[in-house]
Every structure is written in C-alpha cells, then in structure tokens.
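Each structure below is given as structure tokens.
Presented sequentially are two complexes of chain A, the first with chain B as partner and the second with chain C.
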Partner chain A sequence: MNPTAKRTKLRDIHRLPFGWNALLHLIAGGFALSCLFPFALAIVISFTDENTLALNGYSIFPEKWSMFAYDYIFRTGDQLLHSYLVTLSVTAIGTLLTVALTALYAYALSRKAFKYRKGFTFLAFFTMLFGGGLVPSYIIVAQMLHLKDTIWALILPMALNAFNIVILRTFFQTMIPDAIVESGKIDGAGEYKILFRLVLPLALPGLATIALFSTLGFWNDWFNALLYIDSNRMVPLQAMLMRIESSMQFIIQNSSILNSGESREMLASLPQETSRMAMVVLATGPIVLAYPFFQRYFVEGLTIGAVKD
Partner chain B sequence: MKKGWMGTTAVLLTASLLAAGCGSKGNEEKPSASANGSQGASPSASASGSAKTEENVNLVWYTIGTPPKDLKKVNDAVNDYIKDKIHATVEMKLLDWGDYSQKMQIIIASGEPYDIAFTSSWANDYFGNAKKGAFYELDGLLEKEGKGAKEALNPAFLEGTKVNGHNYGLPTNKELPQQRVFRFNKTLVDKYKLDLSQVKTIQDLEPLLKTVKENEPGLNPIPGKIAEFLPFDLPINDLPFIGVPLDTKEYKLINVWDTPEAMSYLETVHKYYQAGYFPKDVATQTDAGDYFKTGKWLVDVADAQPYADNLWSNDAGYGVVSVPMQDPITFNWSVAGSLQAINAKSKHPEKAMEFLNLLYTDANLVNLIDFGIEGVHYKKTGEQSKDAIPDSGYGFPAFTTGNMMLTYLNTNDPADKWEKFKEFNDSATSAPLLGFQADTSSITTEIANLKNAKDSTYNALFSGTIDPKDNLPKVNKKLKDSGLDKVMAELQKQIDAWRASK
Partner chain C sequence: MRTFFRDLNKNKAFLTMVLPGAIWFIVFCYLPMPGALLAFKQYRFDQGGFFAALLHGEWTGFKNFEFLFRAEDAYIITRNTVLYNLVFIFLGLALSVSMAIILFNLTQKRWAKFYQTAMFLPYFLSWVIVSYFAFSFLSVDKGILNHILAWFGAEPIQWYADKTYWPFILVFMSMWKSVGYSSVIYLAAISGIDKSYYEAAMIDGASKWQQTTRITVPLIKPMMIILTILAIGGIFRADFGLFFQIPRDSGLLFPVTNVIDTYVYRSMKVLGDFGLASAAGFYQSVVGFVLVIGANWFVKKVNEEQALF
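== the complex of A and B ==
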C-alpha cells in the first residue's frame, strides 16, 4: 500500500502488483458501497422535509432537512416501542430455546450408542423434504394449540429446524472424538456431566453458529406474525414494516378500481414517506450493530471444521 | 426399529402437551374465540324478560383497515352501547389492507371460527367466496333481523350482489354507480383561462394540454397513468379486453382492444406521450399521488361521487374541479365495492345480522365505529357535523361498513351531501352485465395466460409509451394465441344462459 514499500527488495510474496491490488479493492469497495447506499439513502430520506421530498424526489443532499418524521414517530408511536419489545423478547427467548432444543436433539443423534438414532434422524430429515403446508400448520397453531396472538406463535413454529439439527449433529460427530466421551465415562461422569462439562464447551463455535442463524431468523421473521397475530400489541418489528409496505402496494395497485374517495381514506391511514423511512432506520439499526459482534463466532464456526488433523 | 417409533410418538405427544399448556396460559387474559362470549352475560340478563333468557354472545368481526391505537377503547364503547340493545358483544379485529385477503383466505380455509367479515370485489373476493359456500345465505335473515338494513339500501345494491339468486353479503350504503371524471387543477385552469365546458372525451383535452405545456415547460400536464374509460362492460375485470358495448342489445362479447374506440383512445394517449404531456417514465411509475401535494399537474382521471370536488380540494389545499366523461353507471364491481358477510359456519347468524342491522339503522353506533368517541377522537361542530381531532389515535375506513348516510359530515361539507348521494344512486343506469357472474372454473389456465399476455404490455400501451399502430395488433395476436377465443366462447355461453334465465 505504501508506495515506498513497493520498491523494497524484500517483497512479500503474497503481495499483489499495485494495479491489481487497486482494481480488486475498487471492485470490493464498489460492491460494499452499493450495499450500503440504500441504507444511507433511507437515513437521509428519514431526515428530509416531507414537502421537499414530494417536490424534488429522493436526493442524497436534500434542500431542507427535518426531524419531523422522528418527532412524529415518538409522539404517536408507542407501536414502535411495543414492536421492539416483542421482537427483542421473541429473538432472545427464541434463540435460547432453539439452541437448547437443537443441541439436545443433535447430541443424542451424534452418539453411536443411542439405539433409536436412525428413527429420530429420519424423523427430522423427513420434515426437510416434506411439509404439511400452510393451512394444516395454521390449524395446528391457531386452533389446536390456541397460540394465536401469543408470543409462542412467533417462537414455537421456528424453534426446531431440521437443517440446524443436521449441521450440529455433523459438528458433534466430527469435532468431538468418541475418546473424549469415553474418558469422561472412565472418570465416572454421568451422561449429563459429559454433555454439559465436556461436549458443549468444546462445541461452542457450532452452537454460536446455530445461535446466529436463529437470531437472524427470529429477528427478520414476519410471516408467522402475518398468520398468527391480530392484536397490535403483539406485532413484531419486521411484520409492522411489512404491513405498511404491503398496504402501500395494495392501495397503489387497486387505486384505479377503488373509488377515489376510498383510496383517499386508505392513504390517509398510512404514515408518510419520511416516517416510513424513519421506521426502517429505527427497526434495522440495532441488528446492524449486533452483527459484527456475532460475526467473530460466525467465521470461527465456519472455518473450524475445515481443517482436520 | 419398531420400538424407536413408539418412543418418537411418545416424545411428540409430550411436546404437544407442553406447548398446549404454554399456549393456553398466554391466552387467558384475552377473550379469544366466541367460546368465551357467554361470560359477560350477567349484567344484562335481567333486561330481557322474555320466556327464554337470552345469553350474551360474542361476535368475532374481521374487517379491513389499519388497526388504530385506540381500537380497544372504541370496541369497549361499542360493546357498552350494544349490549342492552341486542344482548351481544362484538370483537372488532382490523386486519391491515395488504394482509386482509391472504389472512382471510387462511381463516376461511382452516375453518377458524368467526362471525362477520368484510368482503368485496377487490379484497377477500366476495363472488368467489359466496360461490364456494363460505358465507351464510342472508335471504331469510334480511326479512327478519335485517329488515332495517334492507329498507335503508337502494334495492339495486342487493339485486346487484346476488350470487345464483341469493344474497351473501350486506353492501355498505354508499355511492352505487361509477362515474369517471377528468379532474383539473383549478389554479392552472384559472391562470390560463381554460375552457372546460367543451371537454367530454380524452381527445378534447388537447388544446388545454398544449397551452399549459407551452407556458410551463417544466411541468407534466398529465402527471401519471390515467385510468382509461372505454364504453364497454367487462365480465371479468382482470381481462379488460373482453366486453360488451354499454348500449348493447344482443349481448355479444367482442374483443374491446380490436375496436376503433380503443385504437383511437390509444392513439390519442400515444400522441400526448410524444408531445411530452406525460412524464417520460409514466409506464413504470408507482406514485400514489404525490403530485397532488405539489400542485404540479393539470389533469388526471378519477371516479367521482357527489361533492367529490370539495373532498379533493380539501386534500390538495387548492381548488380541484372535475368534468364527467360519462353518466353514472352501476357495474358489478361498483355494487360489490364493500360488503359485510356472515360466516356460513357461524353459530349465531341471527345475532350477527342483528348487529349488522344496527349499523344501518342506529346513527350513534355507526358514528362511534367510524369516528371514535366524541370529545376524544372527534369534536361535534353542529347537529350533523364533526371535526376529527388530529393524531387522536383512532381511524376507521367508513366506506367498509354500514350506512354511510347516517354518519356525521365534515364541518365544511354541504348539508345536503347524503341527499345528493341518494339522487346520484337513483340517477344511475345499470350496466348490461349487472348481476352476471362469470364461472371461470373451466377456463382457469386460459385466463391465467391471458392475464400474463395482458400484463406484459398493458402499462406501456395504456400510458402511451408505445405506438398502438404497430403494437396493438401484435397484442391482439398474442391474446388470440393465449386462448382468447375459447374464453370468449365460454363466457358467451354463460351470458346467454344467464339472460335466458332472467
């Protein structure tokens, strides 16, 4: 990078020629920028004056800035606060539950001594290939278990996932040598002690990977809320954003069929453009900040199985 | 292996038991399904002195609209009000615009208990659901519990929403026909002294557009896509190229896009596009009317109702005037613009109808549901008028339910607004296919193909972006290849049978 370094005799053999280096950086940088740009634009729009937006359209340097959108949201919107609470608790409880259930199930499957292992593996694997479909799942969740409008409707349908089980089972099988389990047995440890004191600490990267998957899954899930949540108090963040978005879409699509008097009434019930962007910013902010924290484990989890001794 | 399966089943059973336990715990606080309804019976039970003591039932009511913050508060007020009148309470469940159809589809398919639901030609498909048997047949109820509603409605509403000769939904009492109008920005009309008296068709707009474009080069006189008006009645709304002429005698279906009317309309629009009267990107625009706020427009197309100009002017903050393109005509879809239906599996269809009936006869209840609680969500400004209190946390789409003619007016609405609505409804003529519903079950593939063929060029063509001279014949050929003739023949057969039965 340093121009003088290029001339030194002791060249690092991994170093690329300057031109290539610059080009690759440019490509990667450009790609990163194109990923970041929409978010930056959303932030700018959320701080733009509503009338300026209508007159000039989207611009990264608006003529007139305004805090109105945030003011409006915090004034009228305990909805946002509710949704935050719902999303946070769903994510926290859901992630813990997912990791616990997945780890227990996967560990049992990974032990060769477990007699019914084939049957249980098949049971999990079967759900990867075939699902019951939308209406039967709805009947089970809403009418048999009566989970409608409860936090469990957002957690339980996603709590145990066959794909995660398979990943973690493979992880246990390859990363935890049987010898470790045997050594525990020789030293007189019971099954629980072996699991909690020996196996799980060694499997931490694998567990973190599952935790990351499910955190993102729970945080971003809106479909379960669409199905099972009617009450405003239980709507999670993403579902709230999704509602606004799909309602917008719906009204625009139908505006020609509907009498203008009516689509007027509908539009009036939706937040304005800047307020919508402000909601996007407030809703996505935290997870963006949480990501780097998890990323460390994520990379570790992915690479740790790559090299075997 | 055999033992393994038994173990599996045992675990599954335990898990579902556990989950059920958690679920019911979370549910306890709320009155959920109609099963809980009977609990609140005690206070009013004494009121009914009739032979059999009526028990309070709880009606579950799904309707469309963004759920407002104070829904619970208003719902409680509604229950306080109706409890003694009909010995029932209602649980209002508002589902957001975009979610409504999908959610109702699942609710109906899964047989989830509910009593009343919003339905229409554009959300939670009324005709489809009625044919499937999802809704309760109202004919009997309308003679007894629903008498008041029946009297309040223009007979054309019930006539036009019949499916196989029966009513399955109670239409909102609002404007009945459709009247498409050109809507003008009065500021510009006054500024350039434009003469609107000569305007009737899209062709007549040309001199006006020209004047404005010459004087205000930075402005697109027509700010977005405009809805076309071609004098045809369509048996299937999604397929705007199959229709009969509005003044038809022989009810023969033709390809609308193959008529000189369509060609001349499209040529005009294309000419306007080339002259720069439309925005360049009009075909792909997804704007929901921002130009209304900025005032940078001259003319667009809308559907009118009496005193619509006042509404629009209020919204815009400047004058908006309109010129009708047609006389008011009642179409199938305009009649079925908004209905409330009763679940075919409802346990209390009579109670549900009693509640719906109140919505057509009891002004206090309608205003409570539409506008909220007086003094909290709106202020009364006169005998029949009110002003909404901004950001007060309640809003409800009034057009989705009940008798709109009973609702309070806005302070600056003319006092005879609802009389004008009645006149407007009475003045309407019926479209030729009013009351006809196509049965598409035997031609679903062709219809899907035709829809695809339409969608690929519709926007480009009707926004004037491409030249109809070359493209319209191509589109028509594509429609023919996608099975247009088969669909037309089938629909024609149905229409003939329908006419013979009348």
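== the complex of A and C ==
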C-alpha cells in the first residue's frame, strides 16, 4: 500500500459514518434550534397584529403582521426609556467599579511580596463558603446603609465577588511573567506604576472576561430591584418586565374583581400582549446581538475559573 | 510593634489596593454574618438600627425554628431544593458531556461552531425573559402547547394551576438554560486532549465509539468528578430565578415549586415575618456550609490539586 492511500484511509476512519454524523447533527441541531426558537417566536409575536393574536393565539406564522407594538412603545414608552437609562447607568457604573475593585484586589493577592496576602485571600475566599443569608443582607442594605430606591442598591451589592477575584488572580499569576514586574522594580517604578503601566496592558483579556461577566450580571439583574426598589423612577429593564408580568398575574388570579372598573383601568394601563413582547425583544436585543462576538472571552473565563493555582 | 509598623509601611501600596475590596467584603459579607443570629431572636425594628435590634432583641431560643419545622414547610422546601438540585446535577452532567462529545465528533466543524453559539444563548438571558418565553408556550388560551393539544383534539391544560407537570417543566427549563453553557466547558476540556492519542487509536483501528469511551471519557472524568462534587456542595442553594420567575408566583404550584430560597424571600418580603425568614436562612447557611466543607474534603481525597482550599 502506498503512503497516500494509507493517509486517505486514516482520514476516512477519522470521519464518522454518514448515518451517525446525520444523527448527531439532528440531536445537536435540534437542541440548538430549540434554544433559538423561543427568541424567534418572541420577535414574531412582537410584530403580530394584536387582534390576530387575541383570535389565534401565539404563532410563528401569524396571519397579519403589524408594527403597532413598537409604534406604541415609542409613542408612550416613557417608562421603557427610563428603565433603559437606569439599566444602562447601572451596567456602566457597576462594570467599571467591579473591574477596578477586582483588579486591585486580585493584583495584590497575586504578588508574593505582599506580606498579608494570605489573610486577605481568606477574607475574600471565606465569603464563597458561608453567608449570613438574605435577611441580614437585606437589613444591612435597606436599613443600615439606607440604599433603598437609590441606584446604589442596584450596584453595590453586586460590585464584587470572590469568584472573580480568584479568576483574575490566577490570570495574573499564570499569564504575567515575574520578569516583567522585576524589570519594573529595577527601573524604580512603584507598585501602582507597575500595575498600571506594565501588568494591566498585558492582562486585558483577563479584564475583558471579568468586565463581560459583570456587564451581563448587571444587565440581567432583577433580584436587587425586587428587594430594594419601590419607586418607578429607579426600576431597571428586567424588573420592569417582571412588574408588568406580576400585575397581569394579579388581575388574572383575582378574576372576581376583573369586571370592576378598577381592574379594567389597571388592565388598560398595562401594555398589550404584543407590546410586552416587543419590550422583551428590546431588552434582550443588545445582548443577543453582541454575545457571539464576545463568546470567546466567556469560554476563556469559564475555563480559567476551573483551573486552580 | 515597631516591626509591625515597618511591615505596614512596606506593604502600604498593596494595602491601599486591597482596602476598597476589603471594606466591601466586610460591609456586604461579614456584617450580615452575625445577623444570622436573628434566627434566635424576636425581631423588632429598633431606633438604633440593625445592631441595636440585634443586641436588644429578646432571645427566643429555637421558637422560630419550631415554627418552621412544625409546619410541613421545612420538609417540603428541603425536599424540593435537594431533589431538584440532584436531578439538575446528574442529568445536567449526562446531557452536557454527551453534547460536548457530539459537538466534538461532528464532521462539519463550522456547523458545530454554529450549534455551540446557539446553545450558549439561553445562558445570556435572565429568568425574567425566559419566563416570558415559557409563557408563550404555556399560556392557557394563547400558548403553543395548548394549540398543539387542541390540534390533536385534546383538552387544554391549565398549566399554571396544575402542579402535575411542574417537576418536568422546571427540569426542562433548567437544562435548556444550562446545558449549552456547561457543554462548552467540557468541550474546551476535550479539545485540550492531546491529538496524538486519537491518532494512535485510529492507527490501531479503533472506532469513534471506542475512541470516545476509551480516550475522551476517561480523560475528562477527573473534571466531571470534581465539578459534580462541588455542585453537590451547593445542593442546599436553589436557583432563585428559576423557581420564582418560571411558575409566575402561582400559589397553586407551591408544593412543587417552593424551595428554601423562595421561602425565605416570601417569608420576609410578602409575610414580613423576619424571624421565620431568618430561621430558614440560618438553616440554609449552616447546612450549606457543612456541605461545602464536606464536598471540599471529598475533592481533596480524589485529587488534592483540585480542592478549593
């Protein structure tokens, strides 16, 4: 047998038999489709004519299309705009704060020259094992710090976590050669100068991972709003969607009052079905459009997190 | 004493780096910890704030716990939390490893990449958004599922009022949201396996199936074991969003959807019973802590390197 023939044969073994390959495509493709379908359905619903929807229910092939939902939102969407602004500010400020706090803390822990690093590592690490629970945390934020109905209630409780510190510390330790820090010291640079001029530029991929995780966390957060926000002016996007949903639920569950004038007024004040889906689309759109480009960093972050020093 | 100050001075750059983070940990993680003792106190709002309340509150011993455990509540929420988590962990492990192996073996790599990106999408959505998606399937009069049932001539199902289906719905939703993301982690591990193993196996004429069972699985087994044990350490903590958002707070479903986290939240924010909420929270914190320590001890036995501490 000549070598070329053998190589072809090897490659042939490397390929799955056609039938198996098709089956695997079916499984993986089917699941992938099931992940995309609900989002596609939401988009279609948001473009469906309201009366068609009331008549035929949700469908991926509506009889009549309409732009009404978006029209309605942009005409009356004061609350949506407001919530968008809250979410954008929380995400921007929160991400900056998280990255700054995490990078400073993690860098100090990554340096063997820092005498108290063991103690501060423990201070961060222990919070991964034990927590006081929801009630005391709630009391601290709401009653001691008086953060209720302020933007800080949405930012501060999520500003730092030990897991991010561990990821970034590992990144500093494995990706930044000691020689770089040493060279800085020989040149007489202080610790801050070494960090900002030499280490951080090299650590950009690690910082990007932390920044992306925290952007996602702040953008998607509704839990802190559930606990600490009562005022309409401070409701972020996700929490706004949640509120619309629970007022609907409230009206449906209390159907005895359904015919009273009060409940009809409540129903009328809520956005229509298609408009609600349009809000869902607008709230997720930025993430869905952006994440394929950043996917790599998420995967990297997840795999770094699995590696310990 | 003098050496202590000299050390402080020498480390002052590092100390200023960890300072903001350390303050954050103390305020948001350590201050709430003694607050867990509220579980043994008669809670009252005190003029002097949180600590005055904690100090002056009357000790009530295990009264809050008695209340929690006398009612069926403690049993139901513990059962739900632990059983759901067990199913999530083991089904999730089986599905995500299988999916990673499928993606790895697909002959068309471009498609594998596309599937992976699609499967990753649900990870980026909040549970609020996912609950809107779920509603488009489960809505009684407009939902896709009841449409399909009607098409087959079956009676519509009151999804949000009938608890029979919820264990399956919750497991399905959890898998839908997490399998894509965890399979990405396993796929990264599989892709990291030295290609020469597979080449040697191919030369010996091993089939794809044999390569999978004899090379791929044994080599990622340590990672599977570690991640599973660590997940078991967190078995007392439920995914609040899943159990709170997807069932739309429907009281009829509580027997199969109430978990420790939702119970604590509802006791505190809906019932305003801080004592009961703290008792349930304390129960969760302590058992959770023991489980994490136990899980880590176990990981240490399996593989010293991978232990958390």
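Here is the rule we use: the second predicted complex is superposed on the first by the 235 of 309 C-alpha atoms of A that agree within 3 Å, B and C clash if a C-alpha of one lies under 4 Å from a C-alpha of the other, contacts with A are read in each partner's own complex, and residues count from 1 in each chain.
Following the convention adopted for this analysis, a contact is a pair of C-beta atoms (placed from the backbone, for glycine too) under 8 Å apart; a residue touches a chain by one contact, two chains touch by 3 or more.
As the structure is a computational prediction, the values presented were derived from the model and not from experiment.
Engineer: Can A:I186 be said to touch chain B (first), chain C (second), both, or neither?
Structural biologist: A:I186: touches no partner chain.
Engineer: Touch test for A:N220: chain B only (first), chain C only (second), both, or neither?
Structural biologist: Second partner only, chain C.
Engineer: Applying the document's definition of touch, where does A:I139 land relative to chain B and chain C: first, second, both, or neither?
Structural biologist: A:I139: touches chain B and chain C.
Engineer: Counting only touches as set out at the top, which of chain B and chain C does A:L289 meet: first, second, both, neither?
Structural biologist: The answer is neither, since A:L289 touches no partner chain.
Engineer: Compare chain B and chain C by how many residues of chain A each one touches, and report the one with more.
Structural biologist: Of chain B and chain C, C contacts more residues of chain A.
Engineer: Please work out whether A:F120 is in contact with chain B alone, chain C alone, both, or neither, and reply first, second, both or neither.
Structural biologist: both
Engineer: Looking at A:S246, would you say it contacts chain B, chain C, both, or neither? Reply first, second, both or neither.
Structural biologist: Touch status of A:S246: both partners.
Engineer: Looking at the overlay, does A:L156 come into contact with chain B only (first), chain C only (second), both, or neither?
Structural biologist: both
Engineer: Once the complexes are superposed, what residues of chain A are shared between the chain B interface and the chain C interface?
Structural biologist: In the superposed arrangement, which is not itself an observed complex, chain A uses residues 115-116, 120, 123, 134-135, 138-139, 143-145, 156, 226-227, 245-246, 249 for both chain B and chain C.
Engineer: Okay, in this complex, where on chain C does chain A touch?
Structural biologist: Against chain A, chain C makes touches at 7, 10-11, 13-15, 17-18, 20-22, 24-36, 38, 45, 49-50, 53, 99, 102-103, 105-108, 111-112, 114-115, 117-122, 124-133, 135-137, 139, 141-144, 146-147, 176, 179-181, 184-185, 188-189, 198-199, 202-203, 205, 208, 223, 227, 240-241, 245, 248-251, 261, 264-265, 268-269, 274, 277-278, 281-282, 284-285, 288-289, 292-293, 305-309.
Engineer: Which bits of chain B are touching chain A when the two form their complex?
Structural biologist: 1, 3-5, 7-8, 16, 19-20, 22-24, 26-27, 30, 32, 65-69, 71, 93, 95-99, 102-103, 106, 109-112, 121-123, 175, 178, 227, 237, 286, 288-290, 293-294, 296, 302-305, 308, 311-312, 315, 333-334, 337-338, 391, 393, 395, 397-399
Engineer: Of all residues in chain A, which touch chain B in the complex?
Structural biologist: Listed in rising order, the residues of chain A that touch chain B are 51, 54-55, 75-76, 78-79, 115-116, 118-120, 123, 134-135, 138-139, 142-152, 156, 226-227, 230-232, 243, 245-252, 254-262, 264-270.
Engineer: Would you mind writing out the residues of chain A in touch with chain C in their complex?
Structural biologist: Residue positions touching the partner: 10, 13-16, 20-21, 24-25, 27-29, 31-36, 38-39, 41-42, 45, 53, 57-59, 101-102, 104-105, 107-109, 111, 113-117, 120, 123-125, 127-141, 143-145, 156-157, 159-160, 165, 190-192, 195, 216, 220-223, 226-227, 238-239, 241-242, 245-246, 249, 253, 273, 276-277, 280, 283-284, 287-288, 291-292, 295, 298-299, 302-303, 306, 308.
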